[in-house]
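Shown below is the structure under consideration.
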């Protein structure tokens, strides 16, 4: 486990990474629905103005134009906030990207309640569920800016539809100088243990690591998996965790239903049903506040994860 | 268990039921995005032209107009095909209906692969996942036309957002003369048994009943639950099934992820993780064919359900 | 093959008749499908494939091909019939239409069979996709044109106007929209223009009204449609969509237009060519019965 | 209270100044929020609440009230400040803006506090919702008017044009749209109209270009905007959105217009009233620093 003090918003990875990849010769274009300043996509537009296509505040059109460019051989990156894309253009994602499997990469920032002050309307806590309901999309939620950059490169170099969620606030960097390489369908084992497994994605990977630290103080050996690759999932790591630790807690800044928790529950139920506990959003929307306040307010914290771990361990079959 | 030979499309319940309820004094309006002829909503327009608002092929506007009418005290029913609403207007459903909890009822027909000949684009197998990711929506998928009519009445008489999925083809009627009354959050126990439980929704309730018949021939006592109320779910019935039968098969004409299977898996994982098996759609879209052919082709059959039941029973912990 | 410039208007007429026969036969054979909006666009499609488009049925993904992108993805009988006549696949394949395991799906699927440009079936998506093709062409320095076929319903979806605005903004002069303006959609008549008010007993109210047979009159008036396109920055033409000479003239003019996109609004008759289907909302999405097929083939005989 | 007809233009000006002070104070206090598009619409909102609208802050859900529906739901500083001044809730509540547990959320939430008509924050949704209110009014025989405030970005979302088309189709003469046309959006300048090309070194290319500071010039040109509304069946007016007399005259004219909906396109300056915010895309969604607040309050002093 490598941890540093640096913090960085995962959304900042987009523009610079695309610039680098385009310079390396990838045939990238960028389609922007008036949020490129916030998603960092404009950085690409500064370097490659003829490859940068603003479409105004029009997410449906953004997806359609992206699909058309992709059908002509381009690697089409588009970006918006995660409430608007997929939310405002789901059918376009399904029809113009998902079904024909055009080479479109949607990188949506401002995922999760950590979006903060704008409040409920701006906090995407259903985007992963929506994107997971288009089976041809690879779905990535990186744990930090280092992984975000790697995942963008993977998306660019891998044919077919990708969705990636990034975040607004500066969250702790986990993978600085770690030599880590993101791989589709691989959940990084950040910490090993055999009493219980914590499976988290996005900024809650750090919370899971902190929870493991708390639990270690209680003599509980905790495995921590970074489920950044939500599709494909890492079946081997998941089944291994169920088999070897017998109890799992998931943690996500997203609705439990249809998200990471849903994926884990569905997979294990058919293979090896062990007790699970879910840390995530349930029946209500977010609200205004700073991102740290909101994590507290909605119980997306190391403490809550640790508490859930204790609970789920007590339910293990002996 | 009551079964009759009559078949009827659940979509035909909409218009006539709304006419009846409006005559009874409910302040109903109907907003139509050029599919009222197919969803039967036009029947309402024939009787109450001043309460019927065509908006053309414009699902986003349909939802917004419905929400505005609802905000003024109307019971706003709108309808379309289940691929277009929610798919084409998800953000509108979230923002104009789900978050403010306006009194809008979306009744979407042509759900499932049974939509048939039009093929992949027309077969909604993600609509339930989408609607279940808006937590304030009640989500109903009736098993037959009798239940559809009752559910529409419940939606009309219950304040707040509702989504209901209906079907294109004439499917068998289950509840003729049964005295059955649909209740939100209640899963009808159509057949009792203690070896295994089949939980199905929509037209697969009939398939589950037929599967139970097959299993009965093998001496397997099968419980069958009609999970027409997907939100709220019937926790009591579900936990009872897990406790008393120890193994469950779900069956739905929908993606497994985020649908009924997801709901069941998530709920049990936190309460009582028993072996589950899912009959539903997984990693691919539908195709053209008659609705009966497609049920066969995608393995949404009594035989497949029965086979899954045998499998899941073999995984029960002794 | 580049476009077959030599095909005369008389020949076009006879090809169109064959295509119409395919349309009624394949929908009857499938016992489902959308004959109405297929028949209304036959002259448009025939003009494109036999006079205007640059393409090679042997090399459907030829990067320099002109694109024909059909937004109204339910009009597969027209799409597949015309492609079969243009040599993309054997005419016999038309009988697999809408069958389980068949090559020809109910709504279009991108490159299935090769040459079909777009997955469609949800209205309103074609113009955005077409703009993407147009922008890619400019970026790559290719001189192809992109033709996008829109329906009444397409023009009611907001996405079409998003795409229209963006196309003008990006001055996509290689983009040409064609509206199959048959004034009938799923529920009935778009407006009162083609509405035969048999009894004339009801006032022409805004928002329309539902007829005895369940169809709606005046679902959503698109007029003044040309003005809308103009205000969105498009060059416009308005023609008879069943007149080959007018269609070819308009499309060639659109190709030479510079500075921005252009649209050709084609006035058409839904169900054109089959007496009992013409201007009849019933046949938007209904196949002819065996008897009706016989009658239709009689009317469409050479 | 019905509208306060007696408020003079001078008084309106001083109310507007107070509202502007609230806007910069509450965003500075929250250290986030959207001052730019709030400041551009102050004269519009002030005219509505103090001269045009019929409402009762004691009875916010009064069925006969005129509706003011704000589609650009990020402009909460304007919405809440004006409502506080109009008596819906104490001015002190403005300091709870964007705070955890506070009454005033970052984007509008329907009837929280009572009197806020619509949940917004996603652009493009307001006109549809307004049309619903307008149709309900006609159905119930109520004589209220529905005023819908739209932004540049709202007019780029297809849903707005769906709603525009439907409003004309249903002849919603009780519906009035107001466009806060400040020519700046999230990424920068909508077009070149307000774009101060400091170095003038780059050509005005279609599709715009990204500036050194990361803002974009010419994101999506909406012009000719009035023509668009006209072609969609609306009666139009085009005025200076900071001129009280022009605003009130236009809104009263719109109220008496019959036969269909009408729109008032208001030319405004984003950030209006605070020198360093005016026409500056930086302050679309950024709060002033403490020093900037001080400067702003100086400029906005009575």
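Worth pointing out:
Think of it as A, B, C and D in the order they're written, each chain with its own count starting at 1.
Throughout what follows, a contact is a pair of C-beta atoms (placed from the backbone, for glycine too) under 8 Å apart; a residue touches a chain by one contact, two chains touch by 3 or more.
Since the model is a prediction, treat every value here as computed from it, not as a measurement.
Fewest steps needed to get from chain B to chain D, stepping only to touching chains, is 1. Set against the Cα centre of chain B, the chain with the most distant centre is D.
Chain A and chain C have CA centres that are 41 Å apart.
Put simply, the C-alpha centre of chain B and that of chain C have 35 angstrom between them. Touching two or more other chains at once are residues 53, 55-56, 58, 60-61, 83-84, 87-88, 91, 95, 99, 120-121 of chain A.
Each of residues 109, 119-122, 124, 156-159, 162, 165-166, 169-170, 207, 218, 220 in chain D touches at least two other chains.
Contact topology of the protein chains: fully connected, every pair of chains touching.
The touching residues of chain B, counted against chain A in their complex, run 83-84, 86-88, 90-91, 94-95, 99, 120-121, 126, 129-130, 132-135, 255-258, 261-266, 268-270, 273-278, 282-285, 317.
Partner chain D is touched in their complex by these residues of chain C: 124, 156-162, 165-166, 168-171, 206-207, 218, 220-222, 224, 227-228, 230-233. Against chain D, the residues of chain A that register as touching in their complex are 32, 34-38, 42-43, 45-46, 49, 52-58, 60-61, 83-84, 87-88, 116-122, 287-290, 293-294, 297.
Contact residues on chain B toward chain D in their complex (touch as defined above): 29, 50-51, 53, 55-56, 58, 60-61, 63-74, 76, 91-92, 95-96, 99-100, 102.
Of all the residues in chain C, the ones that touch chain B in their complex are 30, 32-33, 73-74, 98-102, 105-107, 109, 119-124, 153-154, 156-158, 185-188, 190, 205, 207-210, 212, 214-216, 218-220.
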